[in-house]
Amino acid sequence: MIQLFAAATGEAPGISEAVLWAIILCPLVAFAAITLYVRHLPKIAGYLSILAIGVSFVLSLIALIDVLGASGGIAIYSHDWFQAGPLELALGVRIDGLTAVMLVVVSSVSLLVQVYSQGYMEGDPGYGRYYAYMSLFITAMLGLVLADNLFMLFIFWELVGLSSYLLIGFWFHKPSAASAAKKAFIVTRIGDLGLLAAILLIWTRHETLAIDEIHELALAGVLGGTTLTLFGLGLFAGAVGKSAQFPLHVWLPDAMEGPTPVSALIHAATMVAAGVYLMARFFPVIEASPDALTVVGWIGAATVAVGASLALVQTDLKRVLAYSTISQLGYMMLALGVFGYAVAVFHLFTHAFFKALLFLGSGSVNHATNTFDMRLMGGLRTVMPITFWTFLIGTLSLSGIFPLAGFWSKDEILLEAWVNNKGLYAVAAIASFVTALYMFRAVFMTFFGTYKGGEPVDHEDEDSHFHGDPAHPHESSWVMTVPLLILTAGAIAAGWWALGKEFHHFVEAAIPAEALHKAPDFSYWIAITSSLIAVAGIGTAWAIYHRGLVSSTEIRKVVLPIAVLLENKFFLDDLYERAFAVQVFQRGWNRLVELFDTTAVDGAVNGVGWVGTQSSRVLRHAQTGQVQLYGAGIAAGVFIVAIIVFIANPL
Amino acid sequence: MSELDIVGPQLAILLAAGAVLVWDALLPRRRAALPYLALAGILGAAIWTTTWVIRGDFQTAFDGTFAIDQYAVFFQYVFAGITAIVVIASIDWVDRVGRRQSEYFALVLTASAGLMFLAGARDLITIFLALELSSIPQYILAGWGKDQRSSEAGMKYLLLGAIASALLLYGMALLYGFAGSTLLTDISAAISEHGADNRSLLVVASVLLIAGFGFKMAVVPFQMWVPDVYQGAPTPVAAFLSVGSKAAAFAVVMRLFFEGLGEQFLSNDWAMIFAVIAAVSMTLGNVFAIVQRDIKRMLGYSSIAQAGNFMIGLAAISIAGEHFVQGASGVLLFVAAYAFTNLGAFIAVIGISQRIGSDNIADYAGMWRRAPLLALALAFCLISLAGIPPTAGFWAKLYVFNAGIQADLVWLVIIGVLNSVVSAYYYLAVVRQMFLGEAEEEKRLAISPTVGVALGVATVGVIVFGIIPTPLVDAAREAAAIFAAS
Amino acid sequence: MLLTVLVFLPAFAGLLILLLPSARAHHARWVALLGSLVALALSIVMFFDFEKGAGFQFIDRASWIDVGSFNIQYFLAVDGLSLPLVVLTTFLTTASVLVSFSIEHRPRAYFACLMVLSTSVLGVFTAMDFLLFFLFWELELFPMYLLISVWGSGRREYSAMKFVLYTVAGSAFMLVAILALAFSAGTFDMEVLGNSTITTAVLPLGWVFLFLFIGFAVKLPIVPLHTWLPDAHSDAPTAVSVMLAGVLLKMGGYAIIRTCVTILPDQANDYGIWLAAIGSISVLYGAFVTFRQTDVKRLIAYSSVSHMGLVLLGIGALGTTAMVGAAYQMLAHGLITGLLFVVVGLMYERTHTREIGRLGGLARQMPLIATGLVFAGFASVGLPALAGFIAEVTVFLGAFQKHEWAVIMAIFGVVLSAGYILWTLQRVVFGPVRHEWDGADDQRHWWEHASVVGLAALVILLGVYPSLIMDMLDPAIGVVSARVAG
Amino acid sequence: MLTLEHFLTVGALLFCLGLVIALSKRNAIGVLMGIELMLNSVNLTLIAFSRFSDGPAEIAGHAFVAFIITVAAAEAAVALALAVAVYRSRQTVEVDQLDLLKL
Amino acid sequence: MEGAGVNIAFYVLSILTLVAAGGVMVSRNLLHAVLFLIVAFIGVAGFFVLLSAEFIAMAQIVIYVGAIAVLILFAIVLTPRSVRDNSETAMVGPAILLGVALATVFLFVIHDTGWMTGAGDPGLSASDLGRALLSTWVLPFEIASVLLTAALVGAIMLVRSEAEESEDVPDADA
């Protein structure tokens, strides 16, 4: 089945279906080939993977250009997959503005990360495996954005979860890594329940899973009321898990246990983007349900606040970035909550570049110092100039400094929030101050001041593959710095696409026009305010962490309860893992059920046998060997049987 | 047809018995031939029976006190088979235990003739005499070992048997007094004429009859002698008791109750009695069997439970017509299948116990390695007793349960199948002991060829009828059909 | 004829194995492999020769026992529901033979048992006479009992006995129901029964349904009739666990669809909600208990309880989609859990422990086995593109409309399964290396590779190309659900 | 006037008395005596029935009794032989001592 | 049946028989018990005479008193230690209870039943009985004869001592 929808301003995309499938299949082929054949040939595995993703990237670009040429129309190619009774499921691809943008973001960031990994992962015994997993990861993400129906989307959604599990737990011999991988998978899966429920709901009520049909149902009002709200919330639950929204954000910081390029990929282009993509994809549905929309907005806001505040107290560079990601994802959800569909996607787009840049930069730093602990760094500005400057630009972009990419997208979010919901605006604005504060705290601690020596290499650890000398840090090799530079370009310039609302028009063509709200016009007032807030944040950071005008320990003493709360991540991990998972669930409930199983259920079974043998043991004493007892038995039998008959059947 | 022809099979067997005694008196050194003389008599009986089947000339004789019909023929074959197998299996045993061989075989043959008379008896006097002809030799045989246990078993069996006989006789006397005749057909006529007014008498008489035959069938509450006698009696005798007198009791009860007391108002009562006794027998027999450590006692209790199973069929015959045939043929099928199976089990026990000198189940450990064929055959027989396919016992149980279902005795069938589960536990426990237990010594056991032959016949019967039950079922149905027609 | 050959081929191979001279006992595995491969090939030929949607095919029919109302046929046939299960059985038999290749202890008996087991399961899936079906159902007990109690570990005798008694207890009820049904319909022919409308029986049809269901539920197994499963699994040898989880449990689900639902559609409608409720309770209950297990095989066993709950949930919904999902879940679970047991078995061979606490870090010493475990684990979790996912989602999609709350309860099983599987993986294959296992081999022999890769390949095939099976299941189950819908 | 019931009553009482003796005597020979009394009461009952009925039925009762007497004799002979056998092996014929056979 | 003599005879015989049976029950000496038993047998024989069954009465005397009682005496002599002991076991209580219960049931049905009594024909000669035994009941008759033989053979075998047995097989183990 092929469906084409022309955009308001152009023709439908005419791109061949084969190209779209090829985008998914290239990395998949690489995965299969590496797994089956070249596991043990690391270099070839790396090249194969890069080649595959490179092809995907090129094809994605072609697709983007094609869709651009059609000003963002929609093309859907769908095929029957299997059928069971009335259930008919399809496999299909859908290309439109949103998909095209996502494709390019995913494939480009992935390509750069892959290239970078060649340096970062050099010498790791699992090098081949690493590239196999990465290929699978990218396949899953590309498939997710190309899927034309909810079911297929769910499949790739789950595959994203799988690959993230494999990659986060890549260094599986580290208990923390294995644990983090498990945590990521399970926590996101809790969210996936919502998505699954949404699928069940929509199929049961309306017998369709095709995205465009669901859009139509929502717009036509057929899909409405409780079903609509539940469906929207179900989808959102999935997104909460995958996009690390409060309260399921806990897995993301732990996901740092994976290799840094993996973190870059997860935080920038894949995994967490999936949730935002899902919400954007189904924006017409969310938007049709005010309740769902409100929930999305406020959960986003809560996530913004939680992420930003926790980022303030981290000492681990990657964890700062991780919480920053949470916070930024919150921004995207918040944007969706204030009707900012295009804005959210736009922020996703720009965020991909600068966040990937920051992560890769942190990886570069790690390569020099053998640590992510900022307290062991300092003064790297001079020894690692490329890393420093690219990291700084990324930080500025994240903080929303004009005219970097982050400025444009964040500004628009604040604008939408201001127009539609002042409360959300307040949260977003305060958080943008905190954002600048914690990012520059990281920059100052890492690159300024004096070098504190990094982490000494532990030669006993056979799994360590650190090659340099932490005492004498140096700049990373070109395979690592070139991707940094390329991403820097993106972090600087990606925002300019939004000038003149071009990006918006393009992306908005992906959903039915009826679903759109008119975006507010650019407001200088908002732009200036947000810039000032960001600058204030930077200034504060400078004052505290560079100049030491105010001691951070002093501040900590003043706001001790808050600091304790933050340092313990609002006790959420403790609540989930120790209190709930371990105490309530495993030691409490499960133990109870198990106890019931062994005593009541199995006990009853064994009890029946026991009663049988026991009664047999007791009764056999009746068989005394006394012949007259037996004779009495016979006589008594006559009497009893006769009496029974007369009682049962009276004369 | 001359009257000698009518009792030809029994006569052949009794002649053989006499011949055995005479042979022993005349040629004491040629004792080895005694069992073969006995077998010749049994063979003669079987052949004679076959000639009736070929002639198809079924009739009643002796003024209606005795009948030759398919029913009697069926049982005559069964008893001939039982006796033959018992005789073969005894050869080795008797030879070792003592020198009272001629008496042994003569008494077995006499008892067997008594059983055969029972199958055809249609008159209270004939039934009683035939019953005693089978019983008294069995009392003697139980005490044949003359050691402490054997004579104790004989004594117990006799005293209790006599008490049961007295009860039976009292019941018969009441029936006779009511009907003025000892012929079953007359009794039936009298009951249909004015029986309904005198139900209390008929019920009490029925109960007394059930007590008398229940003793032979070994059903609760008339069963308590069973384990003691089985344990104490010589094993081949126990085997004979466990199948012979039980089968005969069922044979006669079915004829007596259906031909004589088949009137609907009465059959409701005795069907209920049978159903209750069946349920209690199965349950108690099994529950007792679980903890037994002596395999003969275990088989004794199991035979009580099995009698309960037979009784489901009896309970089902109270309804005339097609259901009747189901129930009655179910009992017949069960009798035949059980005869082969239980004999097989006992013979295997003979073969094993004789060599290891113990009846303890624990001593059967590892028998699979010491006597693989014996162990395999015993396993098959036990599986058949448990009613697990592909054995004759399965079909018998299935058929009886089917009859029960058709007679609306679902509750009883459920109790029956649940009891099968319990029985599977202790039967399989023996199998487990033999196949999985660790033997204390690994020495192979020598099996006497005669035991092997007897066991082989029984086990092959169990398996063949397990796979192709149709001939047996057909025969049972044909035999049972004579009542439906009447 | 083809079907008869297929069903009895493994048993024939088993017979040949038993006839091998003891000097050539080690050749048993090759005979077994050959036999199972031929059976596999035959079943694949049938799979592709099968005409989709054309009802029962490859019919082998002969009258077996035909006496009065007791009419039993030898009747084998397959339809779209049973044929995939037949292929699954032959495939898993082959895999079981492969994983047993290194067995040293009494190989002849072992492989013979395995082959007989295969025949009995094939018989259950193909028998279309209710009694024949029951026979095959019971036949499976013996090889299983022996396999667990002789070649098992731990409390093997207890577990084997428990398995047998549970099954026999269940089939006791089943037998009553079969007899009641056959009596009221006048036939044991399942095809006829499945096409006729039965309105009365000697006991209420609701009871008949319930009794049948109890018999099958034990096998499935569902809470609270499941406690035999963990014991049986944990003490059984690897190949037996594979067969047990892979095909034996499926007999329960298959039978519920084939008999309970097809023959008694009205009762199925009445009780569907209960089936679904029990199913989802099983899903959750099984999952909760799984979390507490410290023995890998027990853990997988409890997870099976959880996964088989989905089968019941699907059946309880009675719609085509849901029941197709249930059938698919049976296939998927068969392959996935089979794979899990194979891998765990390989691991156990090397480490000689299944205690999770003692394992850890195995991914370093035995990367292939670890990969297999991770793969199987994720398949069990219901990862997309693997068979389990398709099955789960189809069940959910099909059942949601009818039993919303049951499904909502059950989907929590999705998260729970992720929880226990990943936690297990973390503790077994991940984490710091334990030098205790330094010397242990990885997966090395060709037969180990063959079984793991073969199973994994099928898991993927069923995950990405469901039409292969769905197109076959759909029409067959469509007939059933149409009957239920009236 | 003597009716059938009179004789039957005596028969029943004698039967039960015999039963009580059979069930309570310690000595096997005593038990046997009880059994003989039971059989006698049956005979009495049968003859009474025979006497109070007409025609051919009459003779059946007599025949029955004749057979019972015969069987009783045979039974007694065997019983006493067994008693002797038991006495030989156990030096007692007290039935409550006969309890070798039990689990 | 009428007539004072008959009535008196019936009650005398009843008392005699039942008291004698009671004497079997209560006498502690086995020999006394045998004597009571013989009295009871004779009492029953008297009933037979009363019921016009003279032949049966004669058989009763001959077989019960003449054969069975003698056999019992022989048995008592052959088992010397038991001579004086005819006490009861612990079962006596339950046994009496059972006896009473069963007597109640029997008496109830005896009096509850409408017996079809006819005029009664006192004349039944021994030859009539003999004819019946050799026509209608010839089969039981033959059976009885076999039975007696078998019992005899068996009884002899049982009382034969081991020594006697080995004597008549001089070379069994040789």
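Letters A, B, C, D and E mark the chains as written, and numbering starts fresh at 1 in each.
Simple rule for what comes next: contacts are C-beta pairs under 8 Å (C-beta built on N, C-alpha and C of every residue); 3 or more make two chains touch, one makes a residue touch a chain.
Computed from a predicted structure; not experimentally measured.
Listed by label, the chains that touch chain C and also chain D are A, B. A count of contacting C-beta pairs for A-C and for A-E identifies A-C as the more extensively joined pair. For chain A, the chain with the farthest CA centroid is E.
The most central chain, judged by C-alpha centres against the centre of all protein C-alpha atoms, is C. If each chain is reduced to the centroid of its CA atoms, chain C and chain E end up 70 Å from each other. Averaged C-alpha coordinates give centres for chain B and chain C that are 43 Å from one another. Between chain A and chain D the centroid-to-centroid distance comes to 96 Å (mean Cα coordinates, whole Å).
Centre-to-centre spacing of chain A and chain B amounts to 78 Å, using the average Cα coordinate of each chain.
For chain D, residues that reach two or more other chains under the stated contact definition are 4, 8, 15, 18-19, 22-24, 31-32, 41, 48, 53-55, 60, 63, 67, 71, 74-75, 78, 81-83, 85, 88, 95-96, 98, 100-103. In chain E, the residues that reach two or more other chains under the touch definition are 89, 91, 94-95, 98, 102, 105-106, 115-116, 136-137, 140, 144, 147, 150-151, 154-155, 158. The set of chain A residues touching two or more other chains comprises 609, 620, 623, 625-629, 631-632, 635-636, 638, 642. Shown are all chain pairs that touch, namely A-B, A-C, A-D, A-E, B-C, B-D, B-E, D-E.
Residues of chain A that touch chain E in their complex: 626, 628-629, 632, 635-636, 638-639, 642-643.
Residues of chain D touching chain A in their complex: 19, 22-24, 31, 95-96, 98-103.
Put simply, chain A touches chain B in their complex at residues 609, 612-613, 615-617, 619-620, 623, 625, 627, 629-631, 633-638, 640-642, 644-646, 648-649, 651. Those residues of chain D that touch chain E in the shared complex are 1-10, 12-21, 23-27, 29-30, 32-34, 36-37, 40-41, 43-44, 47-48, 50-55, 58-60, 62-63, 65-67, 69-78, 80-85, 87-88, 91-96. Within the complex formed with chain C, the residues of chain A that make contact are 81-87, 151, 154-156, 158-159, 162, 165, 169, 172-173, 175, 177-179, 181-182, 185-186, 189-190, 192-193, 196-197, 199-201, 203-204, 585-586, 589-591, 593-594, 597, 601-602, 604-605, 609.
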